[in-house]
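I'd like to ask you about the structure that follows.
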Amino acid sequence: MAIFVDDSTKVVVQGITGRDGGFHSSQMLAYGTKIVAGVTPGRGGQKFEDKVPVYNSVKEAVQEKGANTSVIFVPPFGAAGAIYEAADAGCKLIVCITEGVPTCDMVKVMPYLEERGVRLIGPNCPGLLAPGIAKLGILPTSIVKEGPVGLVSRSGTLTYEVVYQLSAAGLGQTTCLGIGGDPVIGTTFMDAIKAFNDDPLTEAFVMIGEIGGDAEEQAAAWIKENCKKPVVSFIAGQTAPPGKRMGHAGAIVSGGTGTAAEKKIALEAAGIPVAERPMDIVPCLQEIWKK
Amino acid sequence: MAIFVDDSTKVVVQGITGRDGGFHSSQMLAYGTKIVAGVTPGRGGQKFEDKVPVYNSVKEAVQEKGANTSVIFVPPFGAAGAIYEAADAGCKLIVCITEGVPTCDMVKVMPYLEERGVRLIGPNCPGLLAPGIAKLGILPTSIVKEGPVGLVSRSGTLTYEVVYQLSAAGLGQTTCLGIGGDPVIGTTFMDAIKAFNDDPLTEAFVMIGEIGGDAEEQAAAWIKENCKKPVVSFIAGQTAPPGKRMGHAGAIVSGGTGTAAEKKIALEAAGIPVAERPMDIVPCLQEIWKK
Amino acid sequence: MNIHEYQAKEIFTGFGLPVPGGKVATTTEDSVALANEFGYPVMVKCQVLTGGRGKAGGIKFCETEADVRKNAEAILGMDIKGHTVKTVLITPAVDIESEYYVGMLIDRNTKRILLMASAEGGVEIEQVAKDTPELIFKQPIDPRFGLLDHEAMDMGMRLCPTDIKKARQLASAMQKLYQAFVHSDASLAEINPFIFTPEGRGHAIDAKVNLDDNAIFRHSDYEPMRDLDAEDPSERAAREANLSFVKLSGNVGCLVNGAGLAMATMDLVKYYGGQPANFLDIGGSSNPEKVVNALKIILADEEVKVILFNIFGGITRCDDVAKGIIAATEIMDIKVPIVVRLTGTNEEEGRALLSKTDLVPATTMDEAVKKAIELG
Amino acid sequence: MNIHEYQAKEIFTGFGLPVPGGKVATTTEDSVALANEFGYPVMVKCQVLTGGRGKAGGIKFCETEADVRKNAEAILGMDIKGHTVKTVLITPAVDIESEYYVGMLIDRNTKRILLMASAEGGVEIEQVAKDTPELIFKQPIDPRFGLLDHEAMDMGMRLCPTDIKKARQLASAMQKLYQAFVHSDASLAEINPFIFTPEGRGHAIDAKVNLDDNAIFRHSDYEPMRDLDAEDPSERAAREANLSFVKLSGNVGCLVNGAGLAMATMDLVKYYGGQPANFLDIGGSSNPEKVVNALKIILADEEVKVILFNIFGGITRCDDVAKGIIAATEIMDIKVPIVVRLTGTNEEEGRALLSKTDLVPATTMDEAVKKAIELG
């Protein structure tokens, strides 16, 4: 079992005929993900890799093929529109990989999703990989391994780094989830942590945070009160200068809030070990898990 | 018992210090309506007629005096804003008397009310008078009488005319309701008819329609299928020239739809007698009620 | 408030809709000059506030200067359904490969702005709606989110299932039309037809916009768009006096408070064999000055032989109406009989005030109408 | 993208906010001419993209032409936190009776635009937030309905409980600020202070707007607002190459894909006693040209003694990165050692391509960082 996905997950890929959308759809298919349809307006009737039907709209993909989950690879100017479309068509899980989506677009899309009970992951995220079940996004499949550890991260490639080390140490994963580092995202740290806490197969989990915002502090407070599973953390950006945006729209330290040091204090105060280096995460986890 | 109001109705009047708002608040108070507060921004701390406290906001009126119903007498440019405010403050029934509210404002306010489960009556309507219970609006109290007849109307003064005749004939009312004739209104004909059908004290009811739209046709179809109580109707505007707006934004006959003749056919096809003249309504009702 | 095609196109252009250039002229010479400026062919289009302009010969395709001269001369001054053409729009003619209808209006049932579109463009959409309603596609628009990309695209692809570029242009036009609708507080906005040239470029070649009278107060820039010439002088006076008024052709001048009661009064006049001279709703306010203005407007019509007041007081107080009637009779020299029926709020006070005058009282609506017809 | 006060005020003026007139000058003579045009007193305000301009002496009240001359001369060319003043805003000075803070930003927790306002205006709001958070009022704005009248009025009355006229002006300013925020795609918009004159008229006398970089593509009109002088040349080159880059002062040039991994790499360089020369995220795209651009930008810094690639391939494919590195080394004459760590999608293909070169391979992040520090 995993969080947010299961055997009934049927995927439609929005932007399947684009360069990145096509490449990663192939990867997802190769991993066994049930991609039942693709969508590119104007390309309806074509087939992706001679097997996945392409439709002009998500509505058709849902009606014809029963898609219930969308993975979005469309350019930033169309990303919010693609999210609305997927939600309106009835998808209950949407993973938006697109980087560079205007924040005001995301602010507006959020209540639309809430009204329809739709879970969004992203935007500007690597998505989700539940080893042995499905890959929704761009996490490299070669590094994952089935097992009892959950992983949630605001980062993309740093997630891969940690998953790689977990797998190398024999610690397989229930779900690896990159939620993205933009200011406004669908599924938050807190949402993921609650889901891991409720998931019977997840025995322990790892939180990869970064500078900016206070999602880590909130998560720490919640974990302290509610979570009995072992948790370890890592925070990127200890050396980031204040006031500068570190790639992610979210990764910016402003006016003494959102620093790595503050987050570390909050996490440790909640009893969550914070690894100094990415390579320390696995040893940290092994240490507290044995207790 | 009446529709939409009962003994727990506690009213806040928005615009209580204005000319019309003040006049009709006095009338409502004189009829025994529980006006617990008034609102006029900047007049907080004053008293209306030395007894009703005036607040700066509906929120204060709800918090301090438990108001659950608002009657709005503010100018058109502020009417939609007043509705949002009342709904946000927790009022579950809002009666907007204001005439001349821009239609696009009403289009936008509607989902706000739906999200909060708020009933709106109006705008541009005379409101509701439940004889012996409460008056919310501007219907003249001298003409009503307690009894078993419900009355719903898109018109204002034509409603009074009919109520007057009902009372004169000894036919008292459970509730007299003017829903207004604007293109976009809160409580519709259908809403009122369903409520009358469900109200155990309402034994028969009268529908006063007018040209424009198809609310009467819809009501006719619903009544035919669902309503066992005697109903009579009247349609104003048989002589109205097409394409001209007859006062109400809604009262306009366009392209062969919404004519009095069409409505009459639909109503009669549903078994609902349509009175030729206002003075025929009472005899019509008496005739079918006896069956 | 209805506005002319060229004014609607100005609004559309402001919201980025593709409208072919165009300018208006009020003389033949100016028409010719504009046509020469644009180059041929051009369209000469009468600007009157009524439909069926093409059928009436008010819209002409002109290939030469001589064509423009001939047609502008014929169209300017033409009478179309009672409207005299004072202005023509000169606009470059475009080649038409296909025509679509795109319109928006307020839908009472969904309480939303409704987008309607059809591949049956360029014809009377009411006829399409009657004969083949399945050819009109509809999309109610959630005001909280506006016309979303996929909703517009879905409509675009219904109209142009085989041409994604055209579908995109239609979708974009629909989204811009929605912006124009809400920001101008329209009650109706239509592009009929939206056309494609053989090269695949879309253009809104006709435009119709009705503005919500209730919202004009926040569009002071639109007030100059009002075509005062197109209004009946009495209707204009009524509008300026904030009265809801429609001129009819009878002899019983009606002053009623409330639109429904006013219509019912007209109906009753006709029922008893009379002819109402007008619809007039003096509105929900209780301003005595309004009554004076209303009387002036009605009495300006020489056909009016009797005045019928039918007042049921709710928000309008009968004593205010009575004061208004008395003030008016003091100012004006009213020669026709006046029947007055006052009921409702403050009716005793109102009747008491009137009892000292020589007005004809009536108790019921029926009695008042019958007396008015008798005296008219 | 951060913009200057005068540019933020231009945006505000476009949305109807009450901003005192003002114009910018780049010379003392122009400053004096503008001051004479406005009449005295005026403010001379340095236009640099940093806070604390007043404390640094960059904002002066001037009562006479001589004042303006003296202060403009002093301010133009002044260095404020590393920013050279090239432009001053000359604006009429207004009498201040009271000062308020009004600001909006994106709130991650509510996922909404958050209105914040305080009667503690004119001072550093961060300080107020830290010391007396109860003096800052907050209102998250529902994007479906915008900042509603009663929400704005409620905030206005909290700021000015005893003066309804001022409360209304504040409420109106908040609603206009919201319009400005959403229509300009801001990430931050502040008026600090919003002041009232002794006569009770409100003015936005300072303005700060940060625009969302992700939305600049739909605001081509804002692109000229970018102050190219205020950017580090390497940061500008990176932006133009669509790379996310921040210059630091070390010797280890870092090229990493992904912001999180890039920060972690910097952290690790420092952990092992080295100094990162930069933050650089080559992004999620797999365009080989980006790598070439990135190398050029990093190598333009002569302090850089070693290049460290840390690539974990997800959406970026390792073979593309390898091709990019090879292409770059063919074009450029790279004198410093290059440590490359490639893992993830297509890593075998990537490593195979690189094996024919003299780049220093590394398997883990730790190994790569240690090797880079050693070689740097």
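In this document, chain identifiers A, B, C and D correspond to the written order of the chains, with residue numbering beginning at 1 in each.
The definition used in the following text is that a contact is a pair of C-beta atoms (placed from the backbone, for glycine too) under 8 Å apart; a residue touches a chain by one contact, two chains touch by 3 or more.
In this text, all values refer to a predicted model and were calculated from it rather than measured experimentally.
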- Given the two chain pairs B-C and B-D, which is bridged by the higher number of C-beta pairs in contact? B-C
- Mind checking the centre-to-centre distance between subunit B and subunit C? Centres are C-alpha means, answer in whole Å. 27
- What is the distance in Å between the mean C-alpha positions of subunit A and subunit B? 51
- Task: State, to the nearest whole Å, the distance from the C-alpha centre of subunit A to the C-alpha centre of subunit C.
- Result: 54
- Message: Give the residues of subunit D touching no fewer than two other chains, as numbers and ranges.
- Response: 144-145
- Residues of subunit A whose C-beta touches two or more other chains: 108, 111
- Considering only which chains touch which, label the overall pattern as line, ring, star, complete or other. other
- Contact footprint of subunit B on subunit D as seen in their complex: 144-145, 148-151, 153-154, 157, 164, 167-168
- Please give the residue numbers of subunit A that touch subunit D in the complex, ascending. 20, 23-24, 27, 76-77, 97, 99-108, 110-111, 126, 138-140, 142-143, 153-161, 164, 181, 183-184, 208, 210-211, 213-215, 218, 234, 236-241, 244-251, 255-256, 260, 276-279
- Complex interface listing, subunit D residues touching subunit A: 106, 108-109, 111-113, 126, 129-130, 142-144, 182, 185, 187, 212-215, 217-218, 244, 246, 248, 256-264, 266-271, 276, 279, 281, 283-286, 311-317, 343-345, 347, 364-366
- Item | Touching residues (chain side subunit D, partner subunit C) in the complex | 144-145
- Item | Touch list for subunit A against partner subunit C, complex | 41-42, 56-59, 78, 81-82, 84-85, 88, 108, 111-112
